[in-house]
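Shared chain: subunit A. Partners: subunit B in the first complex, subunit C in the second.
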Partner chain A sequence: MTKSKGVFARLNAWLDDEQSALERTMEAAQEQSAAPDLEQRSPAEIRWAQEELEEERRIEAAMAQWAEKKAAPAARRMYNALCVCMCLTMIALLLYTVTVLPAFGDPNHPINNEVSARYIEKGLQETGAVNIVTGMILDYRAFDTLGESTVLFTAAMVVLFLLRKDKESARYSQLAQAMDANPHSDTYYEPKNDIILQKTAVILVPIILILGVYVVLNGHLSPGGGFSGGAIMGAGLILYVTAFGFARMRRFFTYKTYQTVVLVALLTYALSKCYSFYTGANHIESVIPLGTPGAILSSGLILVLNICVGFIVTCTMYCFYAVFRKGEL
Partner chain B sequence: MQFVQNFPFMCILLTLICAVVTSVLKGRQARVLTMGLIAAVTAMTVAVLAYTLRTGESYVYMMGHFPAPWGNEIRIGVLEALMMTVFCFVMLFSFVGGLVPSIREIETTKYNIYCILADLIFLSLQALVYTNDLFTAYVFIEINTLAAAGLIMMRQKGRNLVAGVRYMIMNLVGSSLFLFGISMLYTITGHLLMVHIRESVAALAASGEYHVPLTVVVALVTVGLAVKCALYPFEKWMPGAYSNATPSVAAMLSSLVSKGYIFLLIKFYVRVIGFDVIRSLGVLDLLFIFGVLGMVMGSVHAVRARTTRMMIAYSSVAQIGYVFTALGLGSELGVVCALWHCAAHAATKSMLFVSCAEMDDACGGTHMRKDLRGAFYHSPLLALAFALGAINLTGIPLLSVFMTKVTLTQAAIGVGGRHMAIVLAAVAISTLLNAVYFLGTAVNLFVPTKPGDAVRPPTVRKNPFTAAALVGMIALNLAMGLFSQPFLTALADGLARFA
Partner chain C sequence: MTVIVQLMLLFLIVCAIAVCVTKDLLTSVVIYMAYSMIMSIVWITMESPDLAITEAAVGAGITSLLFFLALKKIHAIDARNEVRRKHGEKQLGGERDDEE
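Take a look at the complex of A and B:
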């Protein structure tokens, strides 16, 4: 064992569970001397294993019973009746409350206050966006929208963690084992190379993608924006992959593409918001020009942010579809 | 504006940026970055705390170019900075303390996603503590819920998946009730920023207009957040989630995620609605009843638990009960007590989870309480940390939870009447039950094994990361116990300027 590797190298090796040669031989010797036989287990070990097994069985039995809904005993029926009562009470309470709330469209409604007045009257002038809603979500309340994009990112990460298969998955996940054991169980009856679907997709996919791009780029001028445009583009990608299969999709969209696009889009978003939050809070004049309202290159950062959100939504939608259907991108 | 005032905003954005960057890193780089990030945020939060303690005032930080009711903002005062500092240290120690088990238990190629979700939990915690806007709070509750469900399922065993799904369902119920609540509140006040809602609510309460919706709003938000904190009748999702997760996740969830929601609930009461209005609506009595029930029932379940982790998880139900009982008293001192117990419990529970998981492995991969006998003689630090946490939660003088019980009793005596009698009885019963399960387990660690007993070899090697984190946790707990009085004074001062 060399001593020259340095503290951090050794710590890392130790963290990754890399054993030294000496440790390996010692462990091998130990294993040879003490064969792990059932008879040689201590009573505590056997008991514990049994308890574990018992509990596992109990959980399975309970889940099976729950799934099959066997004849419900009185307690269960009571529980169900109580659940229904609770839900009905809740519904009645909420419905009653809604009737007491101020009427929709009432000019004296509390929401018609200085907040919405400024959004409507000064929105165009202050944000440069003709579409007031976009100006509101991406400029006045940009922190919330940054949070919303992060929600998508979080959801995508959790789904990728649970469903994406790679070479390590089978060691850790029962789900991946089941999928490996029966790789075509989900996709066996799917139409492959369906001619009608393919011909339709050839016509529709470009139109859908262009419409999505239009909705994203015009987010500050007309109804739409990153979220809706991204959803349209995501739908286009899903249609493409349904018609032509993952092999063709992978020519231009892989896991790496997904990672890169989301990384760049979210980083751009976060960094540009860093700039505007910092300048805003410290009362520094922002140098980003708002441009002429109505022109495509206007409204400062909003256009950039819309594009970022559009990319994030597109990739997240496609990623959900792909990992739910196939377990990989 | 001084430069240090920018730190909370920088911490939030830095955490977000690190989470995003981690998505393209490999396991080792990911954990180095995450540890560095948590350490940096901790340092910056300490600086903010020093600043707020010096000025004593809280300040508003605009998130963008538009002031209060139009744009988003965050607000930082002594209370926020103090709680955040404790949370930061707990986060740091939990992450480092559970580092080695997490490397062992989590799929290697997806380790970076664990780091991302830990970052996101941390991000949402900061945002929940600092935010001055109800909708921002909701957005970060969503992030918190999703990331926490992902973290629970990190081990990908059947039980973790079941626990994760349960967690998700119950927490979505909580989130949606909260969302109903804030949308109704927006309809009757026309604002989302907390300070402005307060003004409208004061006017509504004075005129008696929209009394029913206001009551429903407070009830919805309270129940929603209580479900998410696992207050007693809603606690079913929690023990499975905490006891099967990898130790650092259990530590983070029990000490930070639920505390973020409690802090938000206190903020909702004190800053958004106003404590006087809340008192007049009668929701607090409900919290009080369920809090007391939780104090007792959590301990009863914990006594019956066979595995150590299940016991610790159920004891969380009891501790959350303490927080809500204190809150339900409806006095200033009660709120101070709730805040203090959030901090004290966060520091203690994370230490218990980390030390317990490691001790289970050191005793041959057991889960059972009785198999931990004699653990002190082969792993003294783990046993000491566990014992400190256990006697702390039992409520021994000079330690932090003792101060909770003292403050809670004082607050109850201040309120008087039935509340006083109930609290005194509940504290007595709960302390007795705590002593039964915690002291029983802790003493067992120091009983030497008999020569004839089968001693199972440890399944893992001792590791310096857990040791270092446990030393830090012990120091944090002792410090909080010894300096409880200045801490409580700072909390009371902060609360006075919190509204």
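Take a look at the complex of A and C:
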């Protein structure tokens, strides 16, 4: 390996276990020094060495016996006793905490303070969302939701980084072929073209997808929103791919689609809210009218943000499933 | 109504203990799914339908699916099949379709 290669080439080489010239010479030197030359010793020295070796072996055997007969059972007993003690302590602590908590629905509950009162009283007027929960998470606390979407995005990135089988690398495609050919590979027993599953999926997938779209689009009017609707749509896609396979899924959803959709959704969210974040989120008048509460086109940006979050969650859920199962999208 | 809610809460406790006690990983994932479904109904009775939808979709649906996939990756489901074959029982998973 030459020094003219870039940092990434060297990182790749390190990941592929390639050795540099320096490492090779060092290992060769170690092997040479490790080999003892017995021929130069006298017979007496060899006998002493053998006796020493036997003595060492006797001691080792005795210690192993002691560890097996005495120490291991004692350690196991102590481990079990400590486990029980820890569990009992935790149970007692948690039960004690529960007894101190205020009752469910108590008006004097500490969470019933001026913040929630303000949300309930002014929420509809300020955000235009009939569903106060969505008004809260996508308007008052839109920054938190951006963070959550970014966390999902990062998680998907890490899963792709760790588990994706890269077709372009020669080493990984060999590994993938070897794994698939192995009778103990995890795709070996997979049933293919299951007729019951396919007939069920034909009926269920459209219903699930439409329910997901409804939950996303109605997020500001009825219970639900981007995250729940996205999870439902992701489940629909997973059912589709389980029934019909990755080849049919790739006709409309590839790695490229995943990249584009997630990037556009995340950027739309960030750009449409960045002005508000930049000014300290102190609620400057929005140029988008709030509209009549209860109409589908109302409550300003919340509908757009809901759609963005829905897309991110759908793609991430499907990506998790596909990469976990097959190593590619 | 309160009786039903209390029954469901009792079911949740039984499920939580059963998940710890079962030796078989596949069984404990199925119990976990049942726990999530009942939990989503409990959320509705506590007047938070938003959480109920999310719990049903994520808890009972996608998380369990990912658990199943993980079990498949570590051969926990295949090992089960091996044990069943040794005892002469019927296999759980479908056979491999060799035509493809």
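By our rule, the second predicted complex is superposed on the first by the 226 of 329 C-alpha atoms of A that agree within 3 Å, B and C clash if a C-alpha of one lies under 4 Å from a C-alpha of the other, contacts with A are read in each partner's own complex, and residues count from 1 in each chain.
By definition in this document, contacts are C-beta pairs under 8 Å (C-beta built on N, C-alpha and C of every residue); 3 or more make two chains touch, one makes a residue touch a chain.
Everything numeric in this text was worked out from a predicted model, so none of it was measured.
Looking at the shared chain after the overlay, A:Ala142 reaches subunit B, while subunit C stays out of its contact range.
In the overlay built on the shared chain, the residue A:Ala235 is in contact with subunit C alone; subunit B does not reach it. In the superposed model, A:Cys274 makes contact with subunit B only, not with subunit C. Residue contacts after overlaying the shared chain place A:Pro110 against subunit B, while subunit C stays out of touching range. In the superposition on chain A, A:Thr154 makes contact with subunit B only, while subunit C stays out of contact range. Set side by side, subunit B and subunit C differ in how many residues of subunit A they touch, and the one touching more is B. When the shared chain is aligned, subunit C comes close enough to touch A:Asn193, but subunit B does not.
Touch criterion not met for A:Ile203: it reaches neither subunit B nor subunit C.
Touch criterion not met for A:Ala74: it reaches neither subunit B nor subunit C. Looking at the complex, you find that subunit C touches subunit A at residues 46, 49-50, 52-54, 57-58, 61-62, 65-66, 69-70, 72-73, 75, 78, 81, 93-97, 100.
Per the touch definition, subunit A reaches subunit C in the complex via residues 104, 131, 133-134, 184, 186, 188-194, 215, 223-225, 227-228, 231-232, 234-235, 238, 317, 320-321, 324-325. Here subunit A touches subunit B in the complex through residues 12, 14-17, 42-45, 48, 51, 56, 59, 63, 93-94, 96-97, 100-102, 109-116, 118-119, 126, 139-144, 146-148, 150-151, 153-155, 157-158, 160-162, 164, 166-169, 171-175, 259-260, 262-263, 266-267, 270-271, 273-274, 276-283, 286, going by the rule given at the top.
Here subunit B touches subunit A in the complex through residues 1, 6, 9, 13, 16-17, 19-21, 23-24, 28, 61-66, 69-72, 99-100, 103-104, 106-110, 113-114, 116-117, 120, 123, 127, 133, 135-136, 139-140, 142-143, 146-147, 149-150, 153-159, 161-162, 180, 184, 186-191, 200, 210, 212-213, 216, 306, 364, 366-368, 371, 454, 456, 463, 465, going by the rule given at the top.
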